[in-house]
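Order as written gives the chain letters A, B, C and D; numbering starts at 1 within each chain.
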Amino acid sequence: MKTDQKKPTAILRMHCQDQPGIIAVITEFITTNSGNIIYLDQYVDRANGTFYMRVEWELDGFLIPKEKIIDYFDTLYAHRYGLDYHISFSTHRQKMAIFVSKMSHCLYDMLSRYQAGEWDVEIPVIISNHPDLAYIGEQFNIPFEVVPVTRDNKAEMEQKEFEILDRYGIDFIVLARYMQVLSEEFMARYPNRIINIHHSFLPAFIGAKPYHQAYERGVKLIGATSHYVTADLDAGPIIEQDVTRITHRDSVSDLVKKGRDLEKIVLSRAVEKHIQRKILTYNNKTVVFS
Amino acid sequence: MKTDQKKPTAILRMHCQDQPGIIAVITEFITTNSGNIIYLDQYVDRANGTFYMRVEWELDGFLIPKEKIIDYFDTLYAHRYGLDYHISFSTHRQKMAIFVSKMSHCLYDMLSRYQAGEWDVEIPVIISNHPDLAYIGEQFNIPFEVVPVTRDNKAEMEQKEFEILDRYGIDFIVLARYMQVLSEEFMARYPNRIINIHHSFLPAFIGAKPYHQAYERGVKLIGATSHYVTADLDAGPIIEQDVTRITHRDSVSDLVKKGRDLEKIVLSRAVEKHIQRKILTYNNKTVVFS
Amino acid sequence: MKTDQKKPTAILRMHCQDQPGIIAVITEFITTNSGNIIYLDQYVDRANGTFYMRVEWELDGFLIPKEKIIDYFDTLYAHRYGLDYHISFSTHRQKMAIFVSKMSHCLYDMLSRYQAGEWDVEIPVIISNHPDLAYIGEQFNIPFEVVPVTRDNKAEMEQKEFEILDRYGIDFIVLARYMQVLSEEFMARYPNRIINIHHSFLPAFIGAKPYHQAYERGVKLIGATSHYVTADLDAGPIIEQDVTRITHRDSVSDLVKKGRDLEKIVLSRAVEKHIQRKILTYNNKTVVFS
Amino acid sequence: MKTDQKKPTAILRMHCQDQPGIIAVITEFITTNSGNIIYLDQYVDRANGTFYMRVEWELDGFLIPKEKIIDYFDTLYAHRYGLDYHISFSTHRQKMAIFVSKMSHCLYDMLSRYQAGEWDVEIPVIISNHPDLAYIGEQFNIPFEVVPVTRDNKAEMEQKEFEILDRYGIDFIVLARYMQVLSEEFMARYPNRIINIHHSFLPAFIGAKPYHQAYERGVKLIGATSHYVTADLDAGPIIEQDVTRITHRDSVSDLVKKGRDLEKIVLSRAVEKHIQRKILTYNNKTVVFS
C-alpha cells in the first residue's frame, strides 16, 4: 500500500470539449487553494475534440471545506467551461455486492484479495440464484442471499434483489459468472456500476457457450473481457481484456480450464480500477487511467 | 540452422480414425526399413476419435527408394488402415508467390527473411494489382508483375495470374495485405495453399476496416490472424494469431501502426510453418505441429 | 473434465539414449498387451542424443496385472534399452503439503482450485513458520501446523516437519511464498518433489527482495518463476515462468501487487503439471509435456 | 500519420523536485502565450520526490518566436523552479546512423519502416565492421561505410567513425546487433544517444551468447532488451523489453530464430520512441511517455 494514498483525498473525473488552458485552470483551482495534487492524468481524444482528466488531491490543508468542494467547483468551473464531471472522496468506502451462480473461481479470487486487505472496498453481501456456493459465504463470513431467479419470476425476484442491495447500501455490483440476464430496469438503476466478465475476447463469441464457439472456429488464442453491463448483451463499455494461447491439443474442457484463470484475473483487474475510481465512461467506451 | 535438417528427408502427414497400435505400425514401417526418424509428433482428437501424426525420417540408408515410397506406403498401409495422408520430400524446394497491393511491411518482412536464408523456399515472383511496390521487387531482384485487377475484369485478370503462377511453377501463394478478393475458381486451384493475413483477431471484425471497427468498439487488445483462404471470407482455417495491448490513448492511426508489427510477424510465422510442412488441415481447422 | 481420464491408467515417463525404433518398441509393448494408449508425447534432444517420452494407457483390459507391470517392464525393456524410467498409476491420489509464511495469495489460489475439484490431489496439511494464516486452514477445514523455524533451530524444527509430513504420507511439497531456506537434508528427502515460486524472472534477481531489485534496475517487465528446489538457491529446474508489463509509473508496491497475480498463476500451473505427472527432470532442466 | 503532428511543435521534457503548482506554472506559460498544447504527460516519482513532464505545443501562433523560446524559458522558469529540461523542435529532423556487423534482421526491419515513411528521421549512413551487409546499403541507396574495427585498432578506427558521424551530422546511433564494444570516449560523445539491442531479458544473461546461456539454464521464456549504451556493459537505462515463450523442444538455434523477431521489434519500438522524443532518462532508468 502506498502510504500517501491513505490521507483523505478528493478525486475529480471530468471530460469536456477540448479548449486552450483547461489543464492550467483546473490545476490552479487546486493549488491556489493549497491542495496537494498527488495524481493527474489527462488525454485529448483528437478525433472527437474531447478532453478527459482525472485529478486527485489531498484534502488535508485544502482551503475549501470538503462539503463545499462540489458546490464551489460546480459554480466556478463546471458551467463556465462546460464540464461533465464527478467528484468523489476517498473517505467514502464503496460497498460492492457480488452476484454468482455455480462457479467459484472469480468469487474466490475477489474474496482472497478482499481478505488480504488489497482492496479499499467493503463486500457486505453475496447474492446467488443457486445455493451451491453458500459455503464460501460461510468461509468468509459474508451474508449469502439466495434469490432463485428464473425466466418466469425475474421481475419479482429482482425486486427482492433491489431490497437486499438497498438494505446493504450497495454502490456497485460485480457479476462473477452470474448466469442470469438482468432486466433493463435493473441496469437503469446501476448505470456504469455493474461489472460483468464475459468468457471470450469480445466482440468475438458473444452470447452462450463462447468456449464451444472458440473450439469450433479453431482459434489459436482464447480471451476474457470485463465490461460494464448495458441493455445490449455483451456490448457494454469494455474495461479490460486478456488472452492466452491454446493449440489444437486443447479440448473444450481445456479451454474452460485455461479460461478460468483469464476470467478471474481480468475481472479482478477491472474491479480494482473501478474501486480506485480510475475509469471514465463515454461513447460506450472506457478511459482507464493508469 | 540445424545441420541434421539438411540431410534429405521424407515427411508424412496423416490422419485417420483412432485405432490401437497405429503409432507402432507406422514407426515400425520406417525403422524396419532402416529409416532414422528425426521428428515425430501426433495427437488424438478424442471428441472426433481422429488420430493425427507428422513423422519425418532421413532418406539416406532408407531401404525403399525414394520414388517408390509413396507407392509402397499406399499399398501396404494407407488402404489397410484407412489413412488420409500426404508424403513430401525435403529435396523439393517449394515455390512461393507473394501478392501485394500498396502496403510494404509484410512484403519486406518476408523478403528480409528470404534474403537472409532463413526460409527453405524459393520466391520467384511478386504479383500486384498496383505498381506502387515495384521498387521492392527491384531491390531484391525478384520479378514484379502488375496485374491490375478490378471488380469488373477479375475473371480475365485472374487468367493472367494463373499463367504467371504456372510459368513460375508456384506451389503456394501468400497474400501480404493484398486487397482483392479471389474468385472461387482461384481458390479451388490452390486448396490450403493460399495464406492470408487479416488485420484483426478473427472472428472479431471480419471484413473491411477492422481497425476502425476495433476503435469504435473500444477493445483493449488488437490482433492479427493468418489463415488459409476459403470461399467464405475471413472464415478459413486459422494458422496463427497474436494480439497487442492498446489503450484509450490510441487513435485509429495508432492501431494501424501497432497492427503492422503484429501482421508481419503473424503472417511470417504462418508462412514458415507452411514451408516446414508442419500444418495439417481438417474440419476448417489446423493442426500446427511444433 | 475429460471423462476418459477417469478410467485407471498407467503413466510411463522415461528417457534413454536415442536409438532407432524405440517408440515402436514401447508402443508395441502396450498394444500387444491390449493396452489402449490415450496419451503419447516424446521428443529427442539432438544436442545430447537423448530420447524422452511420456505414455499413458488404460489399465482396463490390459493383459499384465497392474502389480506386475513395473516388474515386467523392468525385466523386458529397461535393462535391454538402457531406460531411465518411472511408472505411476492414476489410482494413486498424490498427497501434497503446502508451506506458507504470511502471504495468502498463492495459498488461496491453490485451495480454491482444490475446493472446486480442479485438481486430482489431496491436501491434508498446511505447514507454516507463523500462525498468521491459520484462519485459512480453518476456512478450508485443513489442519494448519505451526512450526516456528528460525535460523537457530532449523535442524530441530525440520525434524518436526518430517514427522508431520510422514504422518500425513506426503508425496510432494509446495512452497507458497515460504520464507525459509530448507536444509540440504530436507531437499534430499524430496528430490524433484518440492516446488517453489520465486518472485522474479529467474535467473534475473536471484535472492532477497527481487521486486526492489527490479525497480532499481528499471526493467519494463517483471516475472515469476516456479521451479523444483535444489541445494543451489533459486537455481533448480524451472517448470514455468511468466511476465507482466510495468512502466516507470509503477512503484515497488505496485510491482509487489502486479507480481502477486503472476506468482499465483505461475505456481498453480506448475503444481498442476506435477499433479498430472507431466514433468520429467534432467540436467537441471524440465521437460513439461503438454 | 496524425495530420496534427505535422504542424511545427516545441517539445519540452523536464524533471525537477516535486513542488505544488508546477503543472499550472508550465501550462500557463504556454497558454498565456497562445500556444496550443497537443500533448501533456507527467508523473511524480514519490519515492524520490521527483516530477517528470513532457509537453508539446504548436508553434503556429505562439507569441514567443521559436528562436527565443529556450532563452525565455530558461530565464523565467528553469532557474526559478530548479528545472532540468530539454526543449526540442519537431522541425529538426534527426539524423540517425545504424551500426551493424553480419546479421541483417534488425537493419532490414528499420530500413523497411524508414522506406515506408513511418519514421520522421533521416538515415544518411550505415557503418559496419564487416562488408557482408553492404548489399543492403545498395538496396536502399544508403551509403555503407566499412570500418574494420578489431580489438587492436579500436582507437584509430573510432576516429574514422567520428569523422563519418560528423560528416553526416549524426544526432544519434543505433547498434543493430553490432558486435563491437564501444570505447568510453565514444560513449561520452553520445550520452543517451546510442541505442543497443541485447538479445536477452536483461539483467539475465549479460554478456556473450545469451541464447546459449538461456538454453543451459532451461528458462521457459526468452527475451530482448533495448537500452541506452553506458560504460557499464549491458547495464544502461532500459527502454523496452519483450519476451516469447519457448519449450524444451527448442534447440539453441530455435532460440536464435525466435529471438530475431523479438530483437527487431524491441529495437524498433525503442528507436521510434527516441525519434518521437518521448524518452526521459534519469538514475540509469527511463521514463517512456506514451
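Odds and ends about this structure:
Heads up, the rule we're going with is that contacts are C-beta pairs under 8 Å (C-beta built on N, C-alpha and C of every residue); 3 or more make two chains touch, one makes a residue touch a chain.
Worth saying up front: this structure is predicted, and the values here are computed from it rather than measured.
Across the assembly, the mean Cα position most removed from that of subunit D is the one of C. For the self-contact between subunit A and subunit B, the two sides draw on mostly identical residue numbers; the shared fraction is above half.
Just to note, of A-D and C-D, the chains joined by more C-beta pairs in contact are C-D.
Here the CA centre of subunit A is 37 Å from the CA centre of subunit D.
A separation of 42 Å divides the Cα centre of subunit C from that of subunit D.
Of all residues in subunit D, those touching 2 or more other chains are 2, 46, 247, 249, 251, listed in ascending order.
Those residues of subunit B whose C-beta lies close enough to touch subunit C in the complex are 2, 4, 20-21, 23-24, 27-28, 31, 34, 36-38, 40, 42, 44, 46, 245.
Listed in rising order, the residues of subunit C touching subunit A in the complex are 1-2, 103-105, 108-109, 112-113, 115-116, 118, 139-140, 247, 249, 251, 253, 257, 261, 265, 268, 290.
Residues 43, 45-47, 52, 201-205, 217-221, 223, 237-243, 247-249, 251-252, 283-288 of subunit A touch subunit B in their complex.
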